[in-house]
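Given below, in the form of structure tokens, are the structures.
Note that chain A is present in both complexes that follow, paired respectively with chain B and with chain C.
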Partner chain A sequence: MQRQNALSRQPGKYLSILQIQVLNRLAYPVDLALQSLTIVMFMWIFMQLWRTTYNASGQQAISGLTLNQTMWYLMIAEAIMLSMPRPSRTISTAVKDGSIAYFLNKPFDFMLYQLAALLGEYLIRILFNLLAGGIIVWLMVGPPPVLSALPLVLVSMVLGWLISFCLSALIGLSAFVVEEVSAFEWVYSKFLLLLGGVLIPLDFLPAWLQKISLALPFAYSIYGPARLFVTPSLERFAMLTLGQLAWLAGCGILLLVFYRRGLARLAINGG
Partner chain B sequence: MKYLNRLDANLRFLGALWNANLLSAMEYRAAFLTQAIGMIINDAMYFIFWIFFFNKFKMINGWEMQDMILLFGLLAAGLGLARFLFGNTGNLADMITHGGLDYYLALPKPVLLHILASRSDFSALGDFLFGIFCFFFSGNLSLDAFGRYLVGLLFSALIFITFMVLVQSLAFYTGSAQMLSGQASSAIMTFATYPITLFDGTSKFILFTILPAAFIGSVPAEFVRTASWLSLLEMLGAAVLLTTLAGWAFQRGLKRYESGSAVQTQVL
Partner chain C sequence: MTPVIEVQKLTKQFQSKRKASGLRGSLKALYRPEITNVEAVRGISFGLEAGELLGFIGPNGAGKSTTIKILTGILHPTSGEARVLGFVPWKERQQLAFQIGSVFGQRPQLWYHLPAIDTFNLFGKIYELDSEEVKKRVAFLAEAFEIQDLLETPVRKLSLGQRMRCEVAASLLHKPKLLLLDEPSIGLDVVAKQHIRDTIKHMNETEGVAVLLTSHDASDIEALCRNVIIINHGQIVFRDKVSNLKRHYLTTKLVEVRYSQPVDPYFQVAGTEMLKVSQYGVKLRFDARQTLVESVIACLAEAGSVVDITISDPTLEEVIREIFKAQEA
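Let's look at the complex of A and B:
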């Protein structure tokens, strides 16, 4: 057992899993291109909605955001949402059908394996989504306000992704307790859409809901990086990173505790 | 008389399938209820976006909050009904690709009807109930309006099912159409949830033809709101055309169907 734990901590093997996943995704470029059409469709609809809204309001900026900023914000938010990890599905299936047993006796950690594999998939999906979304938004409203903050935005996107991974994995682990987790997935996904700021920038929400949303992890996963992209500043980046690290620590510890407790109550029958 | 007898037999067959699906759901009551209630919460949370939107912006190209509530009432109930009663609507391409039609072809029942109705999506009942709930808050509270609402949601369900069958029948020719099916389903549902008045001429043309999202949302909503004969005729025309095309494409494609001779267990 100690040997297995030592083996499962070697970071090189998780990097290999990540690389394999990247290669897997790149093996089907047509699939990737077709998937990227989804963001094109969403951005086109958002453009119709927000152009009409800005025209109707007769204002250049709504809650401090111009149409250009709103569209670029929505593009980043949508790209993050469409590339979100969904470990809940694989984990809950593995728990329910008992296939988790096959993973547990392998020389790697089940949860780190999921993390590496999904991160590999994420890197490719986000790249294609940003590319396709960026092109269509550029054509519709012109270039983004600032491009120099992109490296900082990428850092915050990865931290936000890790928070989402922990939350979704926690939902998957709830299969140890309940039969069906899809209802939790739907509700979580709607929290991301609304309180994460995918459907509408949080700035447009009523002040009381803005305050609540900004304190929750969903905003740190999506709103934070997207808002940083359109109005970058070192202060905003620092505050965002601090918040992300705090949520990541909290969610990470919770995940570890639930995972260990789940394994302790795991019962596998038959062979 | 012969056609009436056949219709009667098919309706009784459908009734038996739905009854069996319901009994199967009752075997897993907790999962069934969790999914249905989860879907109601899911729909309600999505709708909150529009509540905040119209709270801030009041009216968009003539559309107000009440119009959105009615649109959601029709869409959620129509698509919920389609997925609850004909739960395999979204799985057809996958079944064609993986040789899943063998079982149905061996039985003396209408193949397409049998495939579509042999499964129920339990979560869709949540959609259906949420849709009905929305209708009662849409400001159209009269018996006439409720009658039109029922007609509208039936057309919405029929047009959605036939569009999905038409798109997925491509799997007979291309070998795999799962990706296209997913995109088509996502596109028609997404476009249908936005007011039609947002879109310009070219976009509207697409939403009334290639991607008939207008016929599952905005047109039925217009029919409920104004009792317009034109809207009814538009829905009827789209339903007849799509039903004919879907039936033709499926039957024609079926001649090209190749089985993988996979051993399968099938209950319904």
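Let's look at the complex of A and C:
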């Protein structure tokens, strides 16, 4: 009755996992809608803060960004951050309580399962966050500067999401070695907030910190796509994509190596 | 016929970090952790034939889970051999995964907010089944498990018993040759337990799926399995038919009698332990190896006009406790 694919890498099954996670998230639409009010609140606070800052500076643009661009930038950055996958939590829990064993006796790859399930969750959350955030920012500062580059921004958002997935999954896998990973999660989320450009566009940081931030993967997850949205250009897109692919390859290989090592450790020592 | 499970002298050792209490112990563990070897499974050998229902029981930490994790290919054994459906589990885990089904009572696999049918369809994809075949199989399982009316209800709205029936049905979607059931009746009431047992037995009889059942509820083993393995401290302490287990360790009888008229409150039956004597009833216990059942019955009948009499065996749980006690001694 069954066709046996030893590698269990048939994309169809992971697409189904993604689909079922989307359905699962949509089971409570009111809950989702209420959750997306967080971004509305954040954007209103940002608006008060940045309007005062721009007024006080007496300038139309700060570090090359107008108030309209800053607000749209922050909306995209916040939407990405609030929809961010947290494989660190699911993976570390599965490793610590041994439930990883229940995933491993099914014919799928555990890591690809996590990727598909969390991508399904992300798609729904980002959609609601972009809608809610977009409406409030549009009402406060008017339409975004450019909308035509949206498809390119979406590509960069997906690549950025994959980088975040790998980094967070690596933190989750560290549960094979250390017992508690919440400290790593905390540090990671603070890096995202500051060096990823969630709290403030990286353009506003001192030059030295900006340089450091732009060289790190956090900026490729959040700052890159958000900045591309407000000042799109093919050149910016190309540079961003190259950087994202490089980081994705690096983090992906690291994740694969750590995952294999973790499984071997589990097989030998029971996790 | 090839056995479903063949296990030969399987052992598994873990390394475990030990830490002394207090701040000093914690600091010491940081720079010089004390490592000890823990022997979770100690040279066990057993087999499971096609279509067999085998009970695999033991207290917490006995080595049950470790053995099952080795059999599903998640853990490598330290030494020994094992084959499951012809596969060496730790070398061919993915291929083996297509052939086995599993239900872990405390780890639901159905998606909680969605109707069970969605999980069935997902499993169809995961096990790479044809969608038409999935439809037919779901219809067959729905009838066998009497879940036709439940498939489209979100799982969160099902009772625990209904959910477990859906869980077991889902685990059989891909027609596995081996079903691993870990505590399938945990938390269920008597009626729901019976329902689950009936369906497991039915599927075992109709499809010949071999079942390895672990349970803390000895009545599950008693009701379902012909053979039982009891494991303790990583070793098999008993392996035989469930009926033999009861025969060897089932020497104590419990008798309850009800009379139509009041009986002498100081009335005694020789060779028994009088647990309770009331105006109209007696409850006593005796060892059938030392006291004849017929002499006890005769004594009880002499005491008055008997309305009702019940003779019961100790539960399997009590029997297992006795075996463990003997082992500990």
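Odds and ends about this structure:
Heads up, the rule we're going with is that the second predicted complex is superposed on the first by the 260 of 271 C-alpha atoms of A that agree within 3 Å, B and C clash if a C-alpha of one lies under 4 Å from a C-alpha of the other, contacts with A are read in each partner's own complex, and residues count from 1 in each chain.
Quick note on the criterion: a residue touches a chain if its C-beta (ideal position, glycine included) is under 8 Å from a C-beta of that chain, and two chains touch if they have at least 3 such contacts.
Fair warning: this is a prediction, and the values are worked out from it, not measured in the lab.
Contacts of A:53 after superposition: chain B is touched, whereas chain C is not reached.
Once the two complexes are overlaid on the shared chain, A:10 sits against chain C while remaining clear of chain B.
Contacts of A:238 after superposition on the shared chain: neither chain B nor chain C is touched. By the touch criterion defined above, A:108 reaches chain C but does not reach chain B. After overlaying the two complexes on the shared chain, residue contacts for A:99 are found with chain C alone; chain B is out of touch. In the superposed pair of complexes, A:246 makes contact with neither chain B nor chain C.
By the touch criterion defined above, A:256 reaches neither chain B nor chain C. In the overlay built on the shared chain, the residue A:20 is in contact with chain C alone; chain B does not reach it.
Within the superposed three-chain model, A:183 lies in touch with chain B and out of touch with chain C [touch as defined at top]. Chain C makes touch with chain A in their complex at residues 12, 14-15, 40, 66, 69, 72-76, 90, 93-95, 97-98, 100, 102, 104, 107, 109, 111-114, 118-119, 121-122, 125-129, 133, 154, 174-175, 180. Of all the residues in chain A, the ones that touch chain C in their complex are 1-8, 10, 12-13, 16-17, 20, 23-24, 27-28, 99, 101-102, 104-108, 266-270. Those residues of chain B that touch chain A in the complex are listed here as 28, 30-31, 34-35, 37-39, 41-42, 45-46, 48-49, 52-53, 55-57, 59-61, 123, 179-180, 183, 186-187, 190-191, 194, 198-200, 203.
If you check the complex, the residues on chain A that touch chain B are 31, 34-35, 37-38, 41-42, 45, 48-49, 52-53, 56-57, 178-180, 182-184, 186-187, 189-191, 193-194, 199-200, 204-206, 209.
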